[in-house]
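Chains here go by letter, A, B, C, D, E and F, matching the order in which they are written, and residues are numbered from 1 within each.
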Amino acid sequence: MSDHGLTHLDPLGRARMVDVTPKEPSHRRALARARVFMQPETTSLVARGALSKGDVLSVARVAGIQAAKRASDLIPLCHPLLIGSVLVNFRIEDSYVEVEAQVETVDRTGVEMEAMTACSVAALTIYDMCKSVDRSMVIGDITLWEKTGGRSGTYRRAVEGDGTDPT
Amino acid sequence: MSDHGLTHLDPLGRARMVDVTPKEPSHRRALARARVFMQPETTSLVARGALSKGDVLSVARVAGIQAAKRASDLIPLCHPLLIGSVLVNFRIEDSYVEVEAQVETVDRTGVEMEAMTACSVAALTIYDMCKSVDRSMVIGDITLWEKTGGRSGTYRRAVEGDGTDPT
Amino acid sequence: MSDHGLTHLDPLGRARMVDVTPKEPSHRRALARARVFMQPETTSLVARGALSKGDVLSVARVAGIQAAKRASDLIPLCHPLLIGSVLVNFRIEDSYVEVEAQVETVDRTGVEMEAMTACSVAALTIYDMCKSVDRSMVIGDITLWEKTGGRSGTYRRAVEGDGTDPT
Amino acid sequence: MSDHGLTHLDPLGRARMVDVTPKEPSHRRALARARVFMQPETTSLVARGALSKGDVLSVARVAGIQAAKRASDLIPLCHPLLIGSVLVNFRIEDSYVEVEAQVETVDRTGVEMEAMTACSVAALTIYDMCKSVDRSMVIGDITLWEKTGGRSGTYRRAVEGDGTDPT
Amino acid sequence: MSDHGLTHLDPLGRARMVDVTPKEPSHRRALARARVFMQPETTSLVARGALSKGDVLSVARVAGIQAAKRASDLIPLCHPLLIGSVLVNFRIEDSYVEVEAQVETVDRTGVEMEAMTACSVAALTIYDMCKSVDRSMVIGDITLWEKTGGRSGTYRRAVEGDGTDPT
Amino acid sequence: MSDHGLTHLDPLGRARMVDVTPKEPSHRRALARARVFMQPETTSLVARGALSKGDVLSVARVAGIQAAKRASDLIPLCHPLLIGSVLVNFRIEDSYVEVEAQVETVDRTGVEMEAMTACSVAALTIYDMCKSVDRSMVIGDITLWEKTGGRSGTYRRAVEGDGTDPT
């Protein structure tokens, strides 16, 4: 893969699914996060659910796990792969709910898009379940935090405060 | 729908798909936006593609349109409906690409989730196609800007500067 | 529809999707149930989960709701329709977990298959989540209990004996 | 995997997809069965079809095979895998039609859920195609009969009469 | 719809799903056909199957019916709609198998793409099932033969020459 | 696999998914083509789009790539596999648009059906986007041109003029 251009376009600018067949399968992991910003009253409704029956976050967790398995069906040039594990967890703060998704596989290509898709769909599910009480919610900060395995090696997102994190 | 609680949970806190059968079908529209924040070098690569063959944005547009049709398959408590039209467009700024999705239908339930899902998946597709050159991209500002039709009437997101927009 | 033969086969015995276009849309409802028979130790593990975080049943509920929306994609001659509501609930007894699904719509065709599919997939999900502790589980008693709306009117399953076991 | 608890829940009771990446791929096979109980007149209608054009069972066979490939899409914590073969067959008795599904793969995880799902969806398809003549049908006895391969080795369901089979 | 341009592109040449919400639902029907050209030995193998158990054509029929329901999921700018009926039939000639699909609905948009997709996927299924004996098969003559309903009224394909070959 | 019969039917003529588990994964490639025959005015509309924004062909390319990933979901007895790369390209002639799809994988089974499905769905997408100006289009000449890898070795379709190509 070139460092100098968009590998999903061929030299004539046409979309293509990059060939991964020359690569060997290896263990790969990716960690992504997203936040659903909302009114403090809304986070507290979610939190109360989390303490009793937990259904907003339970439903969002299932939606995120299922979406990880469908990333290549949703994103046109994303390679299909067999997910080995998915974890989707949540952290509730005053003004947002944070979603974290970790995906692992043994395959020829990485699982960033699976982790990003899991976060996005879990966040959309939270939005859907809370929109009757708070229509001003915003989903943001969807980004890759860590990636290991594969030829490009380990990537870790620079932490807040060093100027590269827009959150 | 009650203003006082999460309508997707029943009184015992269990997830449910709200009954829309008593409603009459009516014309509904929703407009949502998302942004993919990236290095200026990356936006200019996208823009160059946009000027010649346009494939990053063409692929993302198709992905967004297809995702709008699958919103209820991705989001557990979202009602299935028949989309009457979808438009997905883009605006390229120095530090981000903005996605805008507008969805219309004649149905018993609104199309916010369809528009939000179209934006999210179009943004994920841009991320996927650009990640080989810029791993620090962040998807954010996914939110509903306008909604018309249905019992709750018209909703317009307050514009930036009046204190309700967290971006 | 004829009472005298299999309407999903034409006079030459070939599979067909029966034409529902001459019918008018009307309100329809169906109620189905299934049971997952298991060791008492297993039901008590499920019950403990149900009391604290509830995840076996929460996951099964989401799986059942999602499956209801996909009935026509799974069952070849089943008509697609737009589900207006789905409820999936559970009852834990000593030797089984009972799943109940109720589906409503306003459409040209009934929702029996949607309710039956929701029960089946919720039961399969319970089986999947409990199989590491109890491989001898059996899913059974999947049947339609009630159906209203449509030309054939209301159907209620006859209660046999004490009314709890339809087999 | 622990024998002592539900491996699909983490220690805090949250749903997770168990990590199979440390396992090596190996040959695995599973055999499951289901029964659709119906009036003798209904089994004889199915049987007559089976003798001429066979469409009820042909359609159910295709539905079962397709469903085996979608097990992980239907069952939230089920791992995706690549099915190497599926056979779906039927046996017609006086009061029921029995479905048998056998699935094989070379993968890191077993194919029980694929075989169980194939049986369930084939049975639902038979139900759908016969429901115009017999609304009282019941689907039952969906269970795993045999499983080979993987760390836990061979499992064979105890035959009727020794007290472990509820049929 | 304009006669003067591609309605699926907006004035700037960008893909869009045409808005059908202003239309009223009405009864619509479409009839399409396709042919799988093959060696006479291959058609006779298919025909023999058709006479005994009929599985090549039974499987292809189910595949075509299922594909009709997924047309809008496969074809990006195709509107989702609820199919009211699908018939898929076959005619075996010396050098080809002909597939015919008829689709009906009551909706705001036509069912040409559903009928064309049913034919295409049924033909691909025949190809898949026969390719081990005849790799030189060619699928062709996929075209719309008739269309009724909707604002544009009835369309019937002009018969060229002797009326059997539309190419 | 036998050369003497349809391997997708068992000795009793029942549909089955052939067992590929005894095979070793190896690199495989397939190349297929299809043509959409249309009026010269229509090809020139497509070509003009191709020169400016390219959206008919861009949309068809994405549809073809996505369809390659879903071949086993559409074609009942087709094995699921993980696609390693897909290229979909086009050639515009006076009276037709030619689609070419090349698919590669490292797996136990070939990718002919993936390449054929990509061509078919890309062709259907072109048909859908052009049908408002030209209803007489015909999709044809869908065939396999090359196949490498696997036990049966390399296959190349005989070129036009030697009597084996029916186009």
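FYI, contacts are C-beta pairs under 8 Å (C-beta built on N, C-alpha and C of every residue); 3 or more make two chains touch, one makes a residue touch a chain.
Everything numeric here is computed off the predicted structure, so don't read it as measured data.
Colleague: When you check each chain against chain A and chain D, which touch both of them?
Modeller: C, F
Colleague: Would you say A-C or B-E is joined by more C-beta pairs in contact?
Modeller: B-E
Colleague: Roughly how far is chain D from chain E, going centre to centre by Cα mean, in whole Å?
Modeller: A distance of 32 Å separates the two centres.
Colleague: Distance-wise, how many Å sit between the C-alpha centres of chain C and chain D, to the nearest whole number?
Modeller: 16
Colleague: Which positions in chain F touch two or more other chains at once?
Modeller: If we look for residues of chain F contacting two or more partner chains, we find 14-15, 53, 55, 58-59, 62-63, 66, 70, 76-77, 82.
Colleague: All pairs of touching chains?
Modeller: Chain-chain contacts present: A-B, A-C, A-D, A-F, B-C, B-E, B-F, C-D, C-E, D-E, D-F, E-F.
Colleague: In the complex formed with chain E, which residues of chain D make contact?
Modeller: Answer in residue numbers: 53-55, 58-59, 62-63, 66.
Colleague: Which residues of chain D touch chain C once you look at their complex with the stated criterion?
Modeller: 1-9, 12-15, 34, 37, 45, 49, 52-53, 55-56, 58-59, 62-63, 66-67, 70, 74-78, 112-113, 116-117, 120-121, 123-125, 127-133, 135-144, 147, 155, 157-158, 164-167
Colleague: Using the touch definition up top, name the residues of chain F that touch chain A in the complex.
Modeller: 27, 58, 61-62, 65-66, 69-70, 82-87, 89, 104-106
Colleague: For the complex, which residues does chain A have touching chain F?
Modeller: 10, 14-21, 72-73, 76-77, 79-82, 107-108
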